[in-house]
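Two complexes follow with chain A in common, the first pairing it with chain B and the second with chain C.
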Partner chain A sequence: MSLVNFTTREITCKIVYYGPGRSGKTTNLHYVYGRVPDARRGRMVSLATQTDRTLFFDFLPIDLGQISGFATRFQLYTVPGQVYYNATRRLVLQGADGVVFVADSQARQLDENLESLQNLQSNLLEHGVDVRAMPLALQYNKQDLPRELILSQADLDDALNFRGVPSFAADALHGVGVFETLKGISELVLKRLAAGSTA
Partner chain B sequence: MTTRAVEAWTLQPLVKFTKEAEARLVLLMTSAGQVMAQHGFSRAVEVMSAAALGAAIIASTAEMAKELKQPPFAALSHQGERHGIFLAGFGTPRGMLVALVVYDIEVSSVGLVQLFFEQFVADLQAACPKEGVPKQVLAADFERELSDSLKTLFGR
Partner chain C sequence: MTTALNPKYSFDTFVVGSANRLAVTAGRTVAENPGAAYNPLFVYSGSGLGKTHLLMAIGQAVKKLAPGLNIEYLTLDEYVEAFHAAIAAGQGDAFRRRFQGVDVLLVDDVQFLAKRKEMQSELLRLTEALQVAGHQIVLTSDRPPGEIADLDERLISRFSGGLVVDIGPPDYETRVAILRRKAEERAARFAPGVLETVAGAAFDNVRELMGALNRLVAYQAVNETQINAETARQLLGLKAEAAVAVGAAVSRAAAPAADEFGQFLADVTVGLGKAVEAWRARVAEAILRWEGEGYRTRRLEALLQQEAPTAVDDAIGAYEKDVERLKRLEGEVAQLDPQASGQSLFRDPERLADAEAAAAQVRAGGAPPPGPSAAFPLASYAVGPSNDVAVSAVRDVIARPGKKYNPLVLVGKSGLGKTHLLNAIGLELARARGAVVACLSTQAFIDELIAAIDGDHVDWWRARYRRATALLLDDIHLLAGKDRTQQELFNLFNLFLDKERQLVFTAPAAPGALEGLEERIVTRLGGGLVAELSEPDRELKRHFVERALGEPGVPPDAALLDYLADRPVDSVRSLVPVLQRVVSAAAAQDVPLTAGLARDVLEGQPREARRSGGPRTSGIVVSSLGGVKSREKMVWDWPDVADRLIEEYR
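Showing the complex of A and B:
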């Protein structure tokens, strides 16, 4: 849940990048880290295996500056995508203000995307949160791959975007769609905050 | 050394504990890793990293305790060459909070930290307001400011 300090006028929100293994969640954070000026970001913390696969989470705090007179900071987290790391995924989701679901656009990964989306719903429910009440944005990553290997944004919307939430085509490795996705989820999270309802 | 509190009621117990335990850094956070108060950190984004790690350790060891079919571990302590850390979760009327204490081993000790920690928890529990947090309101045009901020961040 977001933390708001009316005395010092500060807002801190937690955004979790979720999705199947190797869909590009950590790549999104690496790109953000590389583009944000030093003064506006903290150290990127990665709890990873020796082969650089996310073991617990990646974490990147960024300072958005003043929004409506509040110093606004976002904590960006990723979860490990592999099926057997569900316990840690559930822990990282605790207290999330918004979720970016990073799907792998490859046609052969569709089942993994669906399974991960169902897993998100189930893990949120364990925290007493209905997925329909959680600010959510979908990112269809790897859209730079050859057309015969991937599904289009429209096809992926049909398959995954049951709620009609904002969705973004992306090539996170080269930064395409990364900024748009972060902006999309930030707007949803802050709109919810402005409406005064919290998870 | 700076001491800052997101929620004012945490400040006095934190200042008292820091002095008594002779702690170098103290961080008070929610179980989701949101910072509530801190002593000794200079940058907000650095304190957030420490909070994320502290909350993660408490969350993962609580799961380990569940596997062992026992209540969560009361506290964790590690001692390094120059610094030691003490990490513990505890209940308050605002829900579970986590405290991370870093001390210089030449100045303080895990014993000293533990000695005053119980009183710190009691002080926080006594100071914690029972009523909920007021609803927050952002200005209607925050989307434009958000867009400008993100553009600046990404250099676009």
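Showing the complex of A and C:
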């Protein structure tokens, strides 16, 4: 995917929310959707099961309007977290400009988080992308749960953030940290754009 | 007198945006290479947009990079004041000397030169002196040179001769960045949206922007509460619409902080704006870099004219690739033919094809080999029975080069005119269209080959001679013992014979009698015509003396000619000192040249004549008294043609 198209004067950023099942990826998108004015958002496509588990993926296009003469769009995607939908995850990851890894802060979910993180690395490699070259932000969701059930941001950093990427504590259900995370990943993506890596 | 550089004003504290990026880049370049890149650098802008900051930043950077340099920063008013004080104290010259010794002169606010004729003259003198000495000048003004009232045309032209750049009002993103940096410097923290609201207001310059920020800082400090965007707007007396700048980006930035999406959008807008505009910085940097190295940058400048060119990095990369190619070509050409390098086409990537062609030409031996000397025309060659066979052969060679006598070997003792005849042949052959005549001493031929071997461009050297339509070598016996040169000559020999191109050589003896030459060379030399030049006969000597002593239309005394022609000499060259003695004696005694005088001088006491025989320099003697009427100079020992040429032009 081309991030900047000088010919059509368009900038498109594809940001994928990745993470284990039930970590809150879709919740992030729902919150964003609720805050974007009608005129600026496209229809949110969500393919979910009857129990609200993401079956395929969520897709939320946001039109940021003309910025520096470029029609700018953000496309937010989520992947299905369940292990058996790996082909879909790989497909959605294709052409991503940035990834938000949404981790479940519950202590008992740590292994799932680690497994999903490894799965992300592996799927990126399938596309020939080194995870170190991909703009990545971590979001530690569900920080509103009782302290005894969750790990702190510092603990989660120790366990998951071994590359020292930006990390954000969040309560996506109530919107805490959602836009901070989106802003964090956007900055990384735009930094790469400024450095000239537009391919 | 001179204001100290304010350490706060450095490049590190200068917020760079699209409106000042070029000026800052130029300033950095100047600071890194004072006197080399843009001299003078003239920066102009409205008040409060960073001219003084930039000027001092240049000074600071120079001071850091080259602490030994003498840097002077002052405003024009300070300069004027100092000048007046110096004049009043009778120290005008000392004042001038002092400023002429400055390595980097930074003058602020030169717009105040308007209507100050005497200061204009003074500054003109100073800028001329500094530029000649390679010292850097940086000037700032609130308007371009041409718009400064009553400014001397010479100053306008001088100020405009380096680089004139302007600084525009900062755009929204730069204003936000400036406010954030200044707020940080003041350790002030504002609620989200406040600084963006301030930046959205239409302030004309940075000073006003700072004033607004200061008010907010003060208000917040006094009330010990964080103000929000709305309060900021009220404090600064901004109308809701005024806080909204023209672009949609700004309107978004001014939206309430509570609007998360609006806030996010504002942040993204700033980041994206910078990212998109980053290509301009990259192009400008590339222009400055390559211009500094002396390359034409039209292609890159054209990119800047576009709003959003496609594949900027590819374009810069392609340009740099072309420049690298030009560098390689120039380096290669410089090795082969130093004179051919340094051409402007090796500095213009748009003319890469021309440069390739030029380099190919040089590679193929485009530079002609040394030619014959114009000092030896055939018409001035004295002919008599002792050399008429050789001269006749020469005329045949000239008439049918490569066809009749190939090679022609002129043989004779030193001083009989072999070199003259060789060059005369060369001059005649060179008249033909497309002729490339190589005519040089064998020693020069050997030296060239050694240089080619040393420079690893023997192929080029060979190609150079293979292009020649005639090869004329003087003193071929000098090849003795030079095996490699004989090998090369052998190859050339065969080529020239095959292609019926003329070969002419001179030697002191017949080829068979020359020692140290390979048999294959000797047999080839003997395979054409070996024409001998004998000791000069009476008729030849008479012609020579007549031409040497005669004036146009006034032939010398016949008895004198006969007498001198009868003198026993073994070569024409040895007649020269004889003639000089006679001419000098006549001049010293102030009597006409006669046979009697010559007899007295040459057979009687030598008197003054011997003393005035002239200095023996490189083997060429010219009558110091002008007694020899012919313009031709007499030679008794030519190491090579080049020496003769040097003497000719002394």
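As a convention for this text, the second predicted complex is superposed on the first by the 189 of 199 C-alpha atoms of A that agree within 3 Å, B and C clash if a C-alpha of one lies under 4 Å from a C-alpha of the other, contacts with A are read in each partner's own complex, and residues count from 1 in each chain.
What we mean here is this: a residue touches a chain if its C-beta (ideal position, glycine included) is under 8 Å from a C-beta of that chain, and two chains touch if they have at least 3 such contacts.
Please read these numbers as outputs of a predicted model, since none were measured by experiment.
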Clash-or-fit label for the pair chain B, chain C on chain A: clash
Of chain B and chain C, the chain that contacts the larger number of chain A residues: B
Which superposed partner A:Arg132 touches (first chain B, second chain C, both, neither): neither
Partner chain in contact with A:Pro61 - chain B first, chain C second, else both or neither: first
Partner chain in contact with A:Arg163 - chain B first, chain C second, else both or neither: neither
Which superposed partner A:Phe179 touches (first chain B, second chain C, both, neither): both
Which superposed partner A:Arg108 touches (first chain B, second chain C, both, neither): neither
Clash-bearing segment of chain B relative to chain C, given 26-34, 80-88, 98-106 or 134-142: 134-142
Chain B and chain C contact sites that coincide on chain A, given as residue numbers: 4, 6-7, 11, 35-37, 40, 64-70, 72, 179, 182-183, 186-187, 190-191, 193-194, 196
Touch list for chain C against partner chain A, complex: 248-249, 252, 259-261, 263-265, 267-269, 271-279, 282, 307-313
Footprint of chain C on chain A - complex, ascending: 4, 6-7, 9, 11, 32, 35-37, 40, 64-70, 72, 74, 175, 178-179, 182-183, 186-187, 190-191, 193-196, 198
Sites on chain B touched by chain A in the complex: 4, 6-8, 30-36, 43-46, 48-49, 52-53, 56, 59-60, 63, 133-143, 145-147, 149-150, 152-156
In the complex, chain A residues that touch chain B: 1-8, 10-12, 14, 35-37, 40-43, 45, 47, 56-57, 59, 61-70, 72-73, 75, 77, 87-88, 91-92, 94-96, 179, 182-183, 186-187, 190-191, 193-194, 196
